[in-house]
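For reference, chains read A, B and C in written order, and residue numbers begin at 1 within each chain.
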Amino acid sequence: MPPSYSTNMRFKFPILAITLEAVIIILYALFITYDDGANAKLAALNTTIPEDPFYKLYPSFQDVHVMIFVGFGFLMTFLKRYGFSSVGFNLLIAAFGLQWGTLMQGWLHHSDDGKIKVNILSLINADFSTATVLISFGAILGKTSPIQLLIMTLLEITIFACNEHLVTGILKVKDVGASMTIHAFGAYFGLAVSRVLYRPGLQAGHDNEGSVYHSDLFAMIGTLFLWMFWPSFNSAIVENPDGQYRAIINTYYSLAACVLTAYALSSLLDKKGRLDMVHIQNATLAGGVAAGTSADMMIYPYGSLLIGCVAGIISTIGFKYLTPIFASKLKIQDTCGVHNLHGMPGILGGLAGIIASAMASQQLYGDGFRLTFPESRNSLQQAGYQAAGLGATLAVALVGGIITGFILLIPFWGQPPDQNCFDDQIYWEVPNGKNEHEDLLSSEHGRQTTNADA
Amino acid sequence: MPPSYSTNMRFKFPILAITLEAVIIILYALFITYDDGANAKLAALNTTIPEDPFYKLYPSFQDVHVMIFVGFGFLMTFLKRYGFSSVGFNLLIAAFGLQWGTLMQGWLHHSDDGKIKVNILSLINADFSTATVLISFGAILGKTSPIQLLIMTLLEITIFACNEHLVTGILKVKDVGASMTIHAFGAYFGLAVSRVLYRPGLQAGHDNEGSVYHSDLFAMIGTLFLWMFWPSFNSAIVENPDGQYRAIINTYYSLAACVLTAYALSSLLDKKGRLDMVHIQNATLAGGVAAGTSADMMIYPYGSLLIGCVAGIISTIGFKYLTPIFASKLKIQDTCGVHNLHGMPGILGGLAGIIASAMASQQLYGDGFRLTFPESRNSLQQAGYQAAGLGATLAVALVGGIITGFILLIPFWGQPPDQNCFDDQIYWEVPNGKNEHEDLLSSEHGRQTTNADA
Amino acid sequence: MPPSYSTNMRFKFPILAITLEAVIIILYALFITYDDGANAKLAALNTTIPEDPFYKLYPSFQDVHVMIFVGFGFLMTFLKRYGFSSVGFNLLIAAFGLQWGTLMQGWLHHSDDGKIKVNILSLINADFSTATVLISFGAILGKTSPIQLLIMTLLEITIFACNEHLVTGILKVKDVGASMTIHAFGAYFGLAVSRVLYRPGLQAGHDNEGSVYHSDLFAMIGTLFLWMFWPSFNSAIVENPDGQYRAIINTYYSLAACVLTAYALSSLLDKKGRLDMVHIQNATLAGGVAAGTSADMMIYPYGSLLIGCVAGIISTIGFKYLTPIFASKLKIQDTCGVHNLHGMPGILGGLAGIIASAMASQQLYGDGFRLTFPESRNSLQQAGYQAAGLGATLAVALVGGIITGFILLIPFWGQPPDQNCFDDQIYWEVPNGKNEHEDLLSSEHGRQTTNADA
């Protein structure tokens, strides 16, 4: 990154943010209205309102909401000097992304008479669309400006919504928990961006690319809220009630099993048998990712446990061995290891979906077969479509990520020079002009230093 | 504050707390019973129990509960040495306040045969009543004793309940998300108290009135839980289902837009274009405040986005320019900047409600017009009542706050001397007799120091 | 503890964890299936699915889930160097425990045709079963290896499930919020284990057995999520809707009152009248524990306030006076003071249940009497059974804890030597090989030290 370009965002960033918001408002005025159940005029006419899925889905929506804002936000606070950016840019990306996602998904999926009718499912799906960007954000964490992040949000959600429409809308691929369309998509998109934005200057590592004790504890807040609410993520958009119920049960067990293997592998791969917080923060979640595609299928709790076990194993191995190889050989600097948490487990989820679809049968599902799978396909046909969906997602993610990466390369976007990577100070006013680390030390030379705070 | 008075709370505080609790228990024994749906005797007789709103509202109640205890509590932990007090006094105020709020609201709103029947709406409204005090607490954070806070809770909830009854009960002003009756009320009440408790000794600032790196991250926990669950706050007490649904959607979009403008302004107003955590922690929430009054009206998502945009702008500008002026010119030392987060956005919400009421029509709402607005009023009449409600609320808050402030001035309540403001140590046993800051530094001179911990 | 034995877990721990998970998977394949409402085959046949309690209970389940993973996990992060272990081992115990609990509870309670049908109640009950272990974990926090913890989880959940089946299944004792069967059980089990694992070397205290400023704030995250969601814990498994409703209301008020007395006593018992974070973090929750058994009975809100008041008082007094006596006289080193939070308040809850049962009458409950209490018993008979249930629980817990303690004494399990107690470093890779404490200080002598992080 040419350090000669200014990182001062004073006008670039506000102009971009306000322009985007202004465009959004105009588009909303033109295209967005309330769904019938939330429209005073139509609701009063309509006696079926009590059956609107709103009350049933609102708790799940709020769980997903917590995953997006607290889960992803705090998960990335593990870096010792990048907590403000992790949780702050996460909020910025998600708040803009959900507005844009509502439009993109509405245009593609729901727009019949030119108007997009927002309802509780729109809110859930808009939150989902931001998840792809937040995953990609993890791959480039610490190396991008908020301007770049807003541009990536705009581009990635556009490409995501098209791919999602292709895969689940047109190809009728099953992916209720979005192992493929969100997790694998977000991971490989982000890895492609990270490859294009490769920084040779960071090849030897960076002082700030590590955690301190309490930053690791903040990250655990993110881990736990993701872990706990993942059953809501995987079940929220399932249409038939038994499938929704099954998605909750399956995800619950997959996550539980994943914890056991992630802990076991973390200890096994360390010479002294000690656990590594990176694994605990991340690999324990791989079971949720991997359970996504097959969550509403009849895989039974033991099948879920198996998926979770494998996810925990490959994720931990990935963090230990693949991430360093990616950085050194493939020139992909994956800050948060999204390949291990979202990439491989996402593919695993896609494969589990192929297998579970191939094994589906009238005998296993009874009359539920037609409710769970698209009509007029047999099991093997569906398995084929599942494979096509996985392949398409990976291809679109990689191509989209490369294109986006080249756009983000334009040196006008205020990207940080290498020496300022992983450091909040370049984009944030940090207490005392530095973080607690130095604050504490400087203050020992006299309280005058800290007095300046007040 | 006369430093000669004792700040030792040993007898004053326990006696006050236990006396208040004893009085509460007696009053509950006399006045409070279960609502029919929670009464074993009546529920068994009543076959309509399944339609009790309990199951539908319990998730929203819990969201509000999280906002009150985690949201407000952690939002105020940004001060480097006042975290115990922020989260701890928040819990104390809210736990006492909800008990008193149940009584006050019950007597005013729900008491027909002398008994108050508590139900899920009582719990939500009791939580709401504590929010006013927690907002006012923000204006005087760091400068009051827990004794003063209990007294303020008692007085403010009493006055709040009367004003709420006047505005929403008698005048039938619409304020479902309580922009006026909670947010503006709590802010101006607190600012009035702060004015009366003005401390010239703090005019030049105070060493402890600043954050450290991790205290700003703790505060973000509060911010995010408030931000995420605000749709529940603004919708919880809406009676008609379509209005409740609309309140969720409108608040969701208002908050999202507010984030964009708060970030944009934060950067724009800094010479180096950097973001300020104070703005991110607070101004991103102004969209939730401002959406409150009109949340269940037919303002459409683009209207919500507009309200959120304006809220984010005025709130950030307020933090940057108004707070210093308030302190220097008006002698109002507003520790958390509640004027910027709750005061101005609350008034904005009230104004939006006036406009949205004036623009309401049979054409826009259909038969829902009568469900949304009080019968026998036309739009302009309702707009007039909305304006009256806003004016009444501001007047009651200011007068109530001034009276309460003078009561809190009595030097018997153990208020901290200026030099001990913003410091937990005066009311809390802090590890090692000091906070982590010094703990860390002292320990380098030998482990004996820290050994004393054990 | 013989320090000569190796604390390296490299093979022991992974082998144990993977073996346990493999056995679990086999048992699940043999015994566990979906409940009818989550079974595609049966759901499609069954038109009563919409009445499955799934949608009503899922929000409560998620609240309980948060209590288990965030609540218990962060509550124990108060120790300055044991945060990774507190929140990390909590996750490990709970993730394994819920898998084992599903099996044990299924075999004992729900298995008719040899298959256990999992549903939303299974998930809630499985989470409950882990709570006993997490409570016992608090009594031995800092003094055990993860291997010991997995063994304890296996044994304790087995014994818990048997006792729960005896007490609530066979004796038909009422204990909806599990004051006795979870809280008192977990506490006395853990205290018995702690007694057997007594370490004379820790009698004089330990450098690490204390908090720092921010570790106390992390612990408050746990406290607040437990406090807020306790009404869900006490109500989740109540069968009749009015009882469920009542359990929420009663618990809400009991917790609120408990805060007032815990704060009052904390101040009263300190010479300088200052509050102690240990009391605020823990004793404020005693009202939730104590409300458990009688939560769904007609004790009225003032009865709940009374229970909460007493709970807050005895819990705070316990922390101040009993914990030191337990350590010095009874050789029970109760790290988290579970006797004060779960033990005594659990017994109080049992006693309240006896009294509330004895006072129950047809007059008070109407036709609801038969829905709330087992048929064919009068009030005094039920009170007798309640007392029997409390006695049985305490006896089983103590005997089970002693046996478990002796099994954990086997020196092969990698327990830490005294000097490494309360320290994450023995089982975790800690940033820089030490915690933030030293990290900060060492880094001042040159950035090379911290560079090693990257």
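As a convention for this text, a contact is a pair of C-beta atoms (placed from the backbone, for glycine too) under 8 Å apart; a residue touches a chain by one contact, two chains touch by 3 or more.
Bear in mind the structure is a predicted one, so any value in this text is a computation, not a measurement.
Homomeric contact chain A/chain C: same residue numbering on both sides for under half of the interface positions.
Between chain A and chain B, the superposing rotation on Cα atoms measures out at 120°, rounded to the nearest 5. One finds 32 Å separating the Cα centroids of chain A and chain C.
Touching of two or more other chains is recorded for residues 59, 214, 221, 437, 440-441 of chain A. Chain contact summary for the complex, chain A toward chain B: residues 8-14, 17-18, 20-21, 24-26, 28-29, 32-34, 37-45, 49-50, 52, 54-55, 58-59, 62, 65-66, 69-70, 73-74, 77, 83-84, 87-88, 91-92, 95-96, 98-99, 118-120, 123, 146, 214, 218, 221, 426-432, 435-437, 439-441, 443-444, 447, 450-451, 453-454. Those residues of chain C that touch chain B in the shared complex are 56, 59-60, 63, 80, 205-214, 216-217, 220-221, 224-225, 227-229, 232, 240-243, 245-246, 248-249, 252-253, 255-257, 259-261, 263-265, 267-268, 270-277, 280, 284, 298, 300-302, 305-306, 309, 364-369, 371-372, 437, 440-441.
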